[in-house]
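Below you'll find the structure, written out as structure tokens, and then a few comments.
Going in written order, the chains are labelled A, B, C and D, and every chain counts its residues from 1.
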Amino acid sequence: MYDVVDFILNTQLGLNSPDWVVMLISHLIVVAILFAIAPVQVLFLTYYERRAIARMQDRVGPNRVGYEGLLQPIADGVKMFTKEDIVPVSADQRVHLLAPIVTAAPVMYMFAVLPWGPNMIAVDLPTGLLFFFAISSISTVGLLMAGWASNNKFALLGAMRAVAQVVSYEIPALLSLLFAVMLTGSMSLMAIVEAQSGLFISTTDVPNIPDLGLGWFVFTPVGFLAFVCFFIAALAEGERTPFDIPEADSEIVAGYMTEYSGMKFALFYLAQYILNFLLCAITATIFFGGWQGPGIAWLVSQSLSADNPAGNPVYNVLAGMLGTFYLLAKTYAFFFVMVALRGAFPRLRIDQLMNFGWKFLIPLTMINILSAALWIAITRWGTAQGFGIIEFAGEPSNLVRWLIAFAVTLVINVAAYWFLARLNIQDHVARQAALAAGGLAVSPPRSA
Amino acid sequence: MDLVVQIMFGVTGLLILGAALMVVSVRNIIHAALWLIACFFGIAMLYLLLHAEFLAIVQVLLYIGAVAVLVLFAVMLTRQIDDPDEPVLFQRWRSTLLIAVLLFAAVLVPTIYTHDWQTFTDPQPTFAGPRELGFAFMNAYLLPFQIAAVLLLAALVGAIIIAMEDQEQRRVRVLTLAEEVALRREREPSPPARSAHPQPTSSSTTPPPVPPAHEQAGEGA
Amino acid sequence: MITTDELQINIGPQHPSTHGVFRMLITVDGETVVNLEPVFGYLHRNHEQLAEVNTYLQNMPYTDRLDYFNSMANNHAYALAVEKLAGIEVPERAEYIRVLMVELTRILNHAGAVGFMINDMGAWQTPLAFGIREREKILDLFELVSGARMMCNYFRFGGVVRDLPDDFIPRLKKLMVAMPAYIDELERLLRENEILLARSEGIGILPREVAVSYGVTGPVLRGSGIAYDIRKAEPYSIYDRFDFDVPVGSVGDVYDRFLVRIEEMRQSRRILEQIIEQLPDASGGHINPKARQNVRPPVGDAYARIESPKGELGFYLVSDGSTKPYRYKVRAPSFINLTPLGDMCRGYKVADIVVILGSIDIVMGEVDR
Amino acid sequence: MSNDTLTHSLTFTEAPAALTVVVDPTPQIARGSAVVVERRRPKAAGWSLLQGLGVVVDHWRKSFRKLDDTTQIAGTFTTEYPEERLPLPEAYRNMPILLFDDATGHELCTSCFQCQRICPPQVIHMTQAKDPDTGKPVPAVSEFIIEYDACMSCGFCAEVCPFDAIKMDHNFELSTADHSSLTVHKTDLLRPISYYQSIAPTFWAEAEASAYKKLETNKKRRPATIGIAPQMLAQLKAAHELRDDQQEATMPTTAVASAPAPATSSAAPPARSAALAASASDLPTDKAARLAAIRARNEAKAAVQAAPATASAAPAASDGGDLPTDKAARLAAIRARNEAKKAAEQAAAAEAAPTLATPDMPPTDVQPAASEQAAPPAPTVPDASLDEKAARLAAIRARNEAKKADEQTAAAGAAPTLATPDVPPTDVPPATSEQAAPPAPAVPDAPLDEKAARLAAIRARNAAKKAAQAEGE
């Protein structure tokens, strides 16, 4: 966008604008585009979720407003706009007003580092991944503000639950993403996506693999385990079933949103769905190659760039469109999984959620980091890095290294999963036995 | 560009100072905590101005996302967060202010004197990147880093000790019904065999319509 | 040391998961329930007093409104009480039709109860939607015979309103095919589900002595491990002609109640199969006793009880020889089963309360009357 | 004592050593046993979750077809209500309605108070009609009110009704913002038998069969039975034919579940019939209306000359003598009259009224006379010929209608209207063909029709009274 604005302002119009003006204008344009996209995505996601979950329950879902109900979210939006904004008398008025803003604004920022296609990213921050989660953690302040300012016990309980949950699940989420940072040596999301070219095997590991844009991290044991852990953590962070405890309607009504109505409520809703969308998108980006897919590499090679001045700019556009399509398709696929989970499972209890996070997910991600380190060592290191053992049978080819790494990490990860799961099942079996032995030896959940 | 940076620095500085002032002067303790978050945010912006992008993000992640949230959490769990009878300022605030100013001067004055004000150099964008920080922690500042780690560990252990229930002083945990029954069974090891209801006779006769006693009691309520 | 305070929270009367207007005044320590006081009566509508100014027949539609999920079962209990009081014989075919209806009611009640309980656990209505789907099929049958889906008002003293229409049995047979498939699918979806196990195992244990001393009946009592089923203990109507098992739990927690309900659906289906086999043809007697509009039972009293899907449903009637009952008392299973709620919830988390409440399976229309 | 035998007897013993709840798997339960439900364990961590997910996704996949067979458990089972409707079974009951005979407008209710007595929420209220002359109650209702808002649809009223006069409707779309409209009066409760027949054919066939049976037995005992008279049923066809050309649109078509316009045949508002007539004519409305009005006036004048207004009964009686032959003429007269009315209304609306004619008499004068006239005929001439009575009744009705039309036009803002006041009270034929008359001449059975006539007289009288009251206000 900078190039385009520079071209128009300085070359075409001959304004000789200073650098920062061009930068400001280009950024404003990008921000405007993203801010237009985000609510539209939310509108569609709500419709998508309602229709999909209705199908899972043998229903039809909203199909009255517009063709097949496509305008239903707009009707909902109109309803939200026209609703009375109720602020409880005993609420802390200013904080009550600020809370939805503090919740919704940061998630919009998160769009900044999301790569939509080759070279299509608002800001390619070298610390993009960290930025993503740092910004999302601001939202929790908003939740806490909402819960406290409402002056309602349900709201406060909901806010406490939300914050406890989000803060503790940030740890496994970040830990599970660490492998990608280690493998690519960068926190830039663009770099992570670019590293996932190839065909089942990433070109970063075996450079001579044909590039079909399918060298996704999820095809490695390390990546797969990290994906599972991250997706679970993402569910908790996005407050999705089975971790929708903060807004468990059957227990604490609507959690921190209990005392909100109208547009303020809609802002929370918006923030939540944008966050869900982004979490799905980030899952797709880090584990499923983001905009990578068959055809992208060819289009990019044909397109106009600094390396290839003879390229056709049409291919730039085509590559961008195809990349966006791949990213959105993957994102919606993950959102479908989220919807299916919501349709299938009850929710956990808050203490069970904590147990699961701290006793299962975090150890597993820790072991996964070990696997990732081994992966790097086996695929890249040699005697120079003190890993001469890999060359016991002469210099291995990249493919052999990859296979060895695959086998080793697979064994480690499966063993880790099996061990932790077995602990869990043993616990369950012991509980069962205790129950069967009189139903009395069971220890109830301890008070906090 | 310099001008822009300087203006932004000024704005950020004002934000930080104003927020800090509000933290200490505002009566509502929750509001104070929220102002603290604004202050932290300003500091993150300062880091950004210094091209210390990584530090800025870590500042947001840790100070806002974790520390401030925990502060808020703790504050919300305490009772009587704003007592109108309590004076806003600490009783001997004058002497406190004096000490604070002196300490601040002790830090600031040598800096002012030793700094070369003539050369304002744009810091390298990578001077505080994750790689550089990592090398710094693991090489030059290994000892302070480890000491800090031990300190944090001690804090962690302390927190656990505080949170752990004292076996003697702990409140009686709420027993579930099943546990109560188990205790009762232990206390009265061999209750005589009993019959909860009279043996039902054949279905032809009318059984006495005796609703359990508590139903009648409960219905009055 | 850290000291914390207890907090009082009102769950209800307007709350998404109180199954009507029901209030639970809970005292929590953190998230642990220290005390729970059920408060009911918000739906009181003077049912019993009203019955004493109505004639015997006029009370029949009011019994529909007791437990609006199981109007057929309520009708049955009331009809049994009046028949006992007035000494009315019921023709063979009518008896079969009655049992048929009540067993269908049991299936639909349990389908709903399981669904609502899982809903309270936070499943986004899928098990409930599946249950509702099967329930709709049964309600269609009810509508076919009685003219109403929920407020059936189908039973009469000495029979039922009208005989089964011609297409009833074929439609029932179709339903009998869908029913086991539905139950199997529900089990596949939930029975081993780890989240459900985590949420239900060891939660809300009602030890059997306590269950007995509270007078709890129905699936809640059987979940606590006592094989007490009035259909077996004191066979009324023609229940002594059918083979069926009584499922009991071994622990008495929410999970056991859930399993008992699922198994009872299977057993009800077994009974239905036998009914279809044994159903006598229409020649056997006057099914619709239109003449008995003004029952005038002799002076006396009678108590009749049935195993309603929720537990022992009893009607106690005292007659002074007039056309109106002198005293009319309902022994409502929901009400009796709700009384140990406070004890059952103590020591568990707030989130468990709604699940325990859901596992009791109450209908406020019956609790408050 | 070795282990607990928890049978239905509820006797249980406690084994202190083990503190276990062991249920004897085979307690003494007749025809069955107590089975302990199996508490399953997850086979492998996460496996059962995937299984559950599979069920849901499977449903999603299958949901793109419709679940139309109840043996299936997957597929969309939603009925999209306003477009799709489930077929309602015959037994379906919603709110009670009253039935009347299509042909005669004869209401089946005899005000026996059975339904009022049985109604559990006591929402049925009825007033028995009284013979206006003797003041004795007659087996008919003058007013019948059901409070739909409190009705619990139990169906007892339909069950107990000995004359099949009250039945349960299938129309469930009753929601309204107007609460008071849920107190439904007789005019809105009445539905023709054919309507009920269309929603519940077998039920009506049963009811009819039992009514015939009852009638047969009753006829021997009491000839003056009220109910569905077989003779009248037999003559239904003829009556229909007679009125086909005139009233086919007025008669509610009852094939659809939509509720018909109630009470169309017993007291059709003149505006409606006028509209019908207008719609029937192909001429340009204004001109045609004027023409018709003029013709009607001429005819009316002729009628006035033929029969003086003061003696209403006389022309009716004379008219009654040759009723069958007169029918065609009458029909023509009615049409003309309707058209005239229509024209009058239109003219009034178009401010063309003064050009046509001036009123012969003010409407207020008509009413007392009408009510007086309505009362005497039936009791004073109990043995008079049927047709005479019917004619009289028709006369009264005609007058009432005239009045109504008058009021309407007056309300429309054109007080001096032309056609309606012109129609004199002696204008017997129109009403006759409208309502009760067509079957009457052909009916040989005296007692029945006498009663019907009486009823009609009472009704007419009531209507007249009401009109008078309305006028007084």
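Just so it is clear, a residue touches a chain if its C-beta (ideal position, glycine included) is under 8 Å from a C-beta of that chain, and two chains touch if they have at least 3 such contacts.
Everything numeric in this text was worked out from a predicted model, so none of it was measured.
Per-pair tallies of C-beta contacts place C-D first.
Ranked by how close its mean Cα position lies to the mean of all protein Cα atoms, the top chain is C.
One inter-chain figure worth recording: chain A and chain B are separated by 25 Å, centre to centre, where each centre is the mean of the chain's CA atoms.
For this pair, chain A with chain C, the centres built from the Cα atoms lie 46 Å apart. Centroid to centroid, with C-alpha atoms defining each point, chain B and chain C lie 49 Å apart.
Separating the CA-averaged centres of chain C and chain D is a span of 40 Å.
Within chain C, contacts with two or more other chains are made by residues 4, 29, 32, 126, 130, 133, 189, 193, 195, 197, 201, 205, 207, 209, 212, 233, 235, 250-252, 347-348. In chain A, the residues that touch at least two other chains are 56-59, 343-345, 428, 432, 435-436, 438-440, 442, 444, 447. In chain D, the positions touching at least two other chains are 8-10, 12, 14, 19, 21, 39, 41-42, 45-46, 49, 52, 55-56, 67, 77.
Chain C meets chain B in the complex at residues 1-2, 4-5, 29, 32-34, 41, 84, 205-207, 209-210, 212-215, 233-236, 252, 301-303, 305, 314, 316, 329, 331, 335-336, 339-340, 343-344, 346-348. Touching chain B in their complex are the following residues of chain A: 19-20, 92, 95, 125-127, 130-131, 133-135, 137-138, 140-141, 144-145, 148, 156, 160, 163, 167, 170, 187, 438-442, 444, 446-447. Residues 1, 4, 28, 30-31, 34, 37, 53-54, 57-58, 60-61, 64-66, 68-70, 72-73, 76, 129-130, 173-174, 176, 178-179, 181-182, 185 of chain B are the ones that touch chain A when the two sit in their complex.
On the chain C side of its complex with chain A, the touching residues are 4, 7, 9, 15-17, 29-32, 118-126, 129-130, 133, 189, 193, 195-199, 201-202, 205, 207, 250-253, 347-354. By the touch criterion stated above, chain A contacts chain C in their complex at residues 53, 56-59, 153-154, 157, 241-242, 244-245, 248-253, 342-352, 428, 431-432, 435-436, 439-440, 442, 444-445, 447-448.
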